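Across the two complexes that follow, chain A remains constant while its partner is chain B and subsequently chain C.
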Partner chain A sequence: MPRPGFVLEVDRATPPTLFWHGESFRLERLPRGSRILYPPEPLNAIEDVRGAIEAALDHPVGEAQPLSSLLNPNMSLTIAFDDVSLPLPQMTAPDIRSLVIEAVLERAAEAGVTDVVLIAALALHRRMTESELRHALGNRVYNALAPRGQLTQHDAEDKQNMTVVGETDRGELVELNRRAVESDLLVYVNINLVSMDGGHKSVATGLASYDSIKFHHNVDTMVHSRSFMDRHNSELHSSNWRMGHVIKDAGVKIFQIETTLNTATFPESFRFLSRREWEWNLRDRASFIAASEALKKTPPHLARQIFQSVRSPYGVTGITAGEVEAVHERTLERVYQQQLVRVDGQSDILTLGLPFIGPYNVNSIMNPILVYCLGLGYLFNMYRNKPLVRKGGVVILSHPTRPEFDPAFHPSYVDFFDQVLTETTDPLVIESKYEESFARDPWYIHLYRTGNAYHGVHPFYMWYWGAHALDHLGGVIILGGDPKATRRLGFQSASTMADALEMARSIVGSDPSITHLHSPPLVMADVY
Partner chain B sequence: MRAFLLDSSIAPLTRRLTHPTIINAAVLDTLERPIIFVANHQSHLDTPLILAVLPPKLRHHTVVGAGADFFFDRRTKGFFSSTLLGAIPIDRVRPSRASAELATQLLEDGWNLVLFPEGARTPDGLTQELKSGAAQMAIKVGRPVVPLFIDGTYEIFGKASDRIHPGSTTIVIGQPLVPHEGEKVSDLNDRITDALGVLGREAATDFFTARQPDQALPFPAPSRSWVEAWRTSEHRHQHEEPRRWPKMFGSRR
Partner chain C sequence: MKALVISRSPARFLTARILKDRLTDKAIESGPLSLKDVDTPKPPTTEWVRVRPLLSGICGSDISTVFFQSSRYFEALTSLPFTPGHEIVGERLDRPGERVVVEPALTCAIRGLEPCRFCALGQTQLCESTTIGDLKEGIQLGYCASTGGGWSNEFIAHERALHVIPDELSLEDAVMVEPLACAVHVSLRPTRRQGHLAIIGAGTVGLATLAASTRLGDYDSITVVAKHPLQRQFAKELGASTVLYPDELLGAARRLHASQRVGHYVSNGFDTVIDAVGSTSSIESAIATVRPGGEVIVAGMPPRQSLDLAPLWHREIQLKGAYAYGEEDLDPAVAQRIGLPLQVGQRPRTFTIALHLAGQLQLGRLVTHRYRLGEYVPALRKAYHGGREDAIKVVFDLTKRKSVHDA
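This part shows the complex of A and B:
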């Protein structure tokens, strides 16, 4: 029986705490009385995954019929799937998407459906490379469909292949991929790594245009998503759900397949990253020392390559298929069962160790804007009810925050960092003054459509992602962060934890309460 | 001996496995040795298939460029490759003078040469970018290049296949491309690429459609539907079963 997560109160006997620090680690001694939120151990994985997929396809939930009964030779079938931003890190082969899509294609082949198209639901993310597609889909799926032009990637800027489905009662435009919408059946295959993923968001965002996405990817929505990891209190999700209802009312037939993973995030060689520090045995200590010392002597680009090659031995904890909302409710239950930990009360200071990877730097560099987004967007929002840190509190992020960018994947980030953040860091000003010009820039659009670049507007969304945290916090300190890059983000840098805590005290008072979110593996705080 | 083996066993067996349809076969009767045949590369069956469709007068005087790292990494493999198929080693990892000199010498001695300028079998059925070695050799010896497009061997025994699934194939034979006086290697390579593209489209459509100017893709998609491809691959589960036996055949790389 896997042990649940819990909150540890630091005392004299507590060993130093492991902090992620980009492509390295830090051991920090937190003051006595600090709290450390440890994630639950990985739930037991399903042993017969193929069997579970078959069962899900045959026994859908909600108002849905078994998949086989929806297939016939004259139909058009579109299968959309989550892109490379999930899961993190990429899972060991076989990726759950490949197993699910193989099962769907097996049935489509049995039914003689020739008009089948796969679409990577990129939204405004970068196009996946061939090796990423092969990893996510498996060689069998790739070889059967890619040579025939039946494996495509969503292009939000291809106006000819987008279609307006309608508008919500609040005037939000729903413009989606034409092929997906006009197909007789749209099957969506998802990986629900965190509670933010899935549901109506899969189609309403993943297959939408910029003109549609901007209705929920904006500062106002983000500030009113408390948090966007809590579906029922997230304005981001409310907007997507409204759009989902428009899509349903327009007659688009969606068969949603959602999958959940446990938190077996690191391979055996990095076992110490998943263990609680006082349970480290000799091998774990030796592994930690060897890894830390080796990483100190490794050039950053090499360390990045090593970490990016990590594959997570995630286990599948559930597969549900059928009607979107019914499926998603079950998915959320499983995600919460794996990740949720009760925490009593907020604290003055929240500390976060940021790892080498976030959703938008797979096989790439985590630039300062992505550091900001991972810390204040994702990890800050890993809560239900209220944030782990009080209003006016301080967040301390641990990350080197080097001003390095990937020019192929993140071209507009470079200009955002140099041209926008030098003027202002206020999300509202940034949104009103700069967003449109970046979003409509023909060069960024060209790179998004033909290369592997994120859309020109993407760095703006990263900034909005942290808008709720910026609105809530009294200060942000980056421990070990490059001073110049940290200042550009509008934050302070500190070289030691003691310095960072001292700086934080000047904001929150002399005897602050401290909570550390010991993640990854992923953990979500249920704060009362 | 080699001609006997080719005519009596390899060519009939290959025809039986691949049921080739040859388009524009008349070109082969007009050719004078030595010729450089270039073809797209879908399968290990491509070499015996080309030898099988060539008329005996050409087949008996044809050698085939084969990846030294794969076909000549072990003595036994090298022996059988050269004896049965007339393979000569081409260094793919580091372009070497020795490979080029051997190929040139054989051409000058009147041997035809088959090259696969993609450098390796296609991993996905799509034709890859052509390397310029064939064009370079044609210019060097001043002999024509005859493009051949092979369609169907990927489904029969493609790179991802673990066994042969007998089926049918199409080979489209192009007109000889004679290097012009002073022509650059890249220009001839472009002409070969274009010619192979047209032949590929012809394999999927017909002579006239293939030559329409609005054809966007340099090479066409395979002609079979995904359902057929899926069915022939249905027993493969490449990523779930750990290997039970050491690899007995194939490159050690």
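This part shows the complex of A and C:
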């Protein structure tokens, strides 16, 4: 029986706490009385995944019919799937998407469906590479469809293959991939790693254009998403849900298949990363020391390669298919069951150790803007009810924050860092003054469409992702962060935890309460 | 009298060059420059007067000479031994209290010669007579054995080279008039002073050029490349639209027109780039970031170097030098805008424009450090390290000396 997550209060006997620090780790002693929020242990995984998939397809939830009854030889079928930003790190083969898509394709073949197209639902993310597609879909699916042009990647800038589905009652444009919405059936295959994923967001964002996405990917929406991990209190999701209703009303038939994973994030060789420090045995200690010492002597680019090759032994905890909203409610239940931990009260200071990977640097560099987004976007928002840190409090992020960028994946990030952040870090000013020019920049569009570049507007979204945190916090300190890059982000850097806490005390007072979010593995705080 | 003198000594020149980065003080002490007791230069004609320097700046070209970094091209155009210093505000000894700035170019008129074809056209910066006439070789006062220079207690200057400064102009603003005149000339070198301008370098030349370009140009934007905090602060104060680090310029050039970028190639860029550094990397950066058919103005004195000129050839870029001062083609509308009275068809002297702008721009704020003559080692070290040590313009302050023998 997996143990639930819990909140540890640091006392004299508490061993140093493991902090992620990019492609390395730090052991930090937190002051007595600090709280450490540990994630629940991984839930038991489904043993017969293929059987669970078949059952989900046969017994859909909500107002939906079994998949087989929706298929016929004369139909057009589109299968859209989540891209390389999920899960993190990539899971050991077979990826759950490949199993689900194989099952859907087998049923389509049995029904005589020949007009089948797969679409990677990129939204404004970068195109996946062949090896990433092979990993997500499996060689069998890839080899069957890619040579025939039946495996495509969503292109939000291909205006000829986009179509306006309608507008919400608030004037939000819904412009989606034409093939997807004009098909007789759109099957969406998702991986719901965190509670932000899935639901109407899958299609309304994943297959949309910039002109459509901008209605919810903006500063105002993000500041009013508290948090964007809590779908029922997230303006981001409310907007996507409104769009989802427009899509449904327009007659687009969607068969949603959502999957959830447990938090078995690290392979056996990195087992110590998932265990509580006082439970480390001799082997865990030896592994930690060996890994830490080796990483100290490894150049950053090699360390990056090593970590990016990690595959997570995630177990599947659930598969649900059917009508979007009914499916998603069940998905959320399972995600919360795995990740949610009750926490009583906010603290003055929240500490976060940032790992080597976030959704947008798979097989790439975590540049300073992605550090910001991972810390103040994703991890800060891993809460329900109230943030873990009080209004006016301080977040301490641990990450080297080197000013390094991947020119192929993140070309507009370089310019955003050099030209936008030198002028201002205010999300509203950034949005009004610079977004349009980056979003419409033909060179960025060219690189997004033909290379493996994130869309020109993407670094703006990263900045907006942290807008709620910026609005809420009194200060941000990056522990071990490159001083110049940290300053550019508008934050302070500290070389030791003691220094960071001292700097934080100057903002929140001399006797602060401290909470550390011990993640990953993923944990979400239910703060009362 | 006391004067700093550069002497002919190959061994000392080499020592300065070798030690300059690791042992800067030693390089200066063992180099060609030394503090000496010398005779006051003798005026060649009655048109020459004795001048007592009050403030005398250290220019980038002086630093290049002291550390033996300058091109050997100049060897024939100077006469050793000489006293450096050509950025000078001083006092005429024959008219006590009258403060003057010196226009140091040693042209035909100064050398007692009939004007060469360039001087006749007012292009005195191109004068052909820098090695003949009443004086020994030297392109400027401060590089000529016959005149002395500003790093001393006294030198001589032709009356025509002296510009009386108004009482309200501070000494600091006045010592910046010569660099400002250079900057005015640089600012007026681009054929088209519109569109997007980039200035690489934010030392004295870069910042003064920025200040001048804000008044004399009509640019949509002026981007300045500055490495150091004080340089960046001054660049913003003086009107830069954007201040960048060197490695950010290529991206900024691309963003101007949302152009293509592959590796180090961008398909479009700044209309004009002014290089105020003169290094290989700065000139190559200028060529890489200017638009096809654009102009690169070389304002910083470049040493001998190896450049990749393929982009210059491929993109039909014009590379133009900008040296010193003469007469300028100033658009009457621009003259009116800056409040400079101009008669129809008149070509004002660069120094006239600089003197007019000096009070408005107040570049005296760029004078960050002052030293006495005897403190020439720390002074030159500070000037050599420049922005790294929060220095922009370093000057010798001779206002407090009690006699010509003081240092």
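Methods note: the second predicted complex is superposed on the first by the 528 of 528 C-alpha atoms of A that agree within 3 Å, B and C clash if a C-alpha of one lies under 4 Å from a C-alpha of the other, contacts with A are read in each partner's own complex, and residues count from 1 in each chain.
Keep this in mind: a residue touches a chain if its C-beta (ideal position, glycine included) is under 8 Å from a C-beta of that chain, and two chains touch if they have at least 3 such contacts.
Treat the numbers as computed from the prediction; the structure is a model and nothing was measured.
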Simultaneous placement of chain C and chain B on chain A, clash or fit: fit
Chain B versus chain C as contact partner of A:T450, first or second or both or neither: neither
Chain B versus chain C as contact partner of A:V116, first or second or both or neither: first
First, second, both or neither for A:D415, with chain B first and chain C second: second
Touching partner for A:D441 - first (chain B), second (chain C), both, neither: second
First (chain B), second (chain C), both or neither touched by A:G138: first
Arrangement angle, chain B at one end, chain C at the other, chain A at the vertex (C-alpha, nearest 10°): 90
Comparing the two partners chain B and chain C, which touches a greater set of residues in chain A: B
Partner chain in contact with A:A93 - chain B first, chain C second, else both or neither: first
First, second, both or neither for A:S69, with chain B first and chain C second: neither
Closest Cα approach, chain C to chain B, once both complexes are overlaid on chain A (Å): 23
Common interface positions of chain A, toward chain B and toward chain C: none
Touching residues (chain side chain A, partner chain C) in the complex: 411, 414-415, 418-419, 422-423, 437, 440-444, 446
Contacting residues of chain A [partner chain B, same complex]: 93-94, 98, 105-106, 108-109, 112-114, 116, 138-140, 142-150
Of all residues in chain C, those that touch chain A in their complex: 242-245, 248, 251-252, 254-255, 258-261
Chain B to chain A touching residues, read off their complex: 123-126, 154, 158, 160, 221-222, 225-227, 229-231, 233-234, 236-240
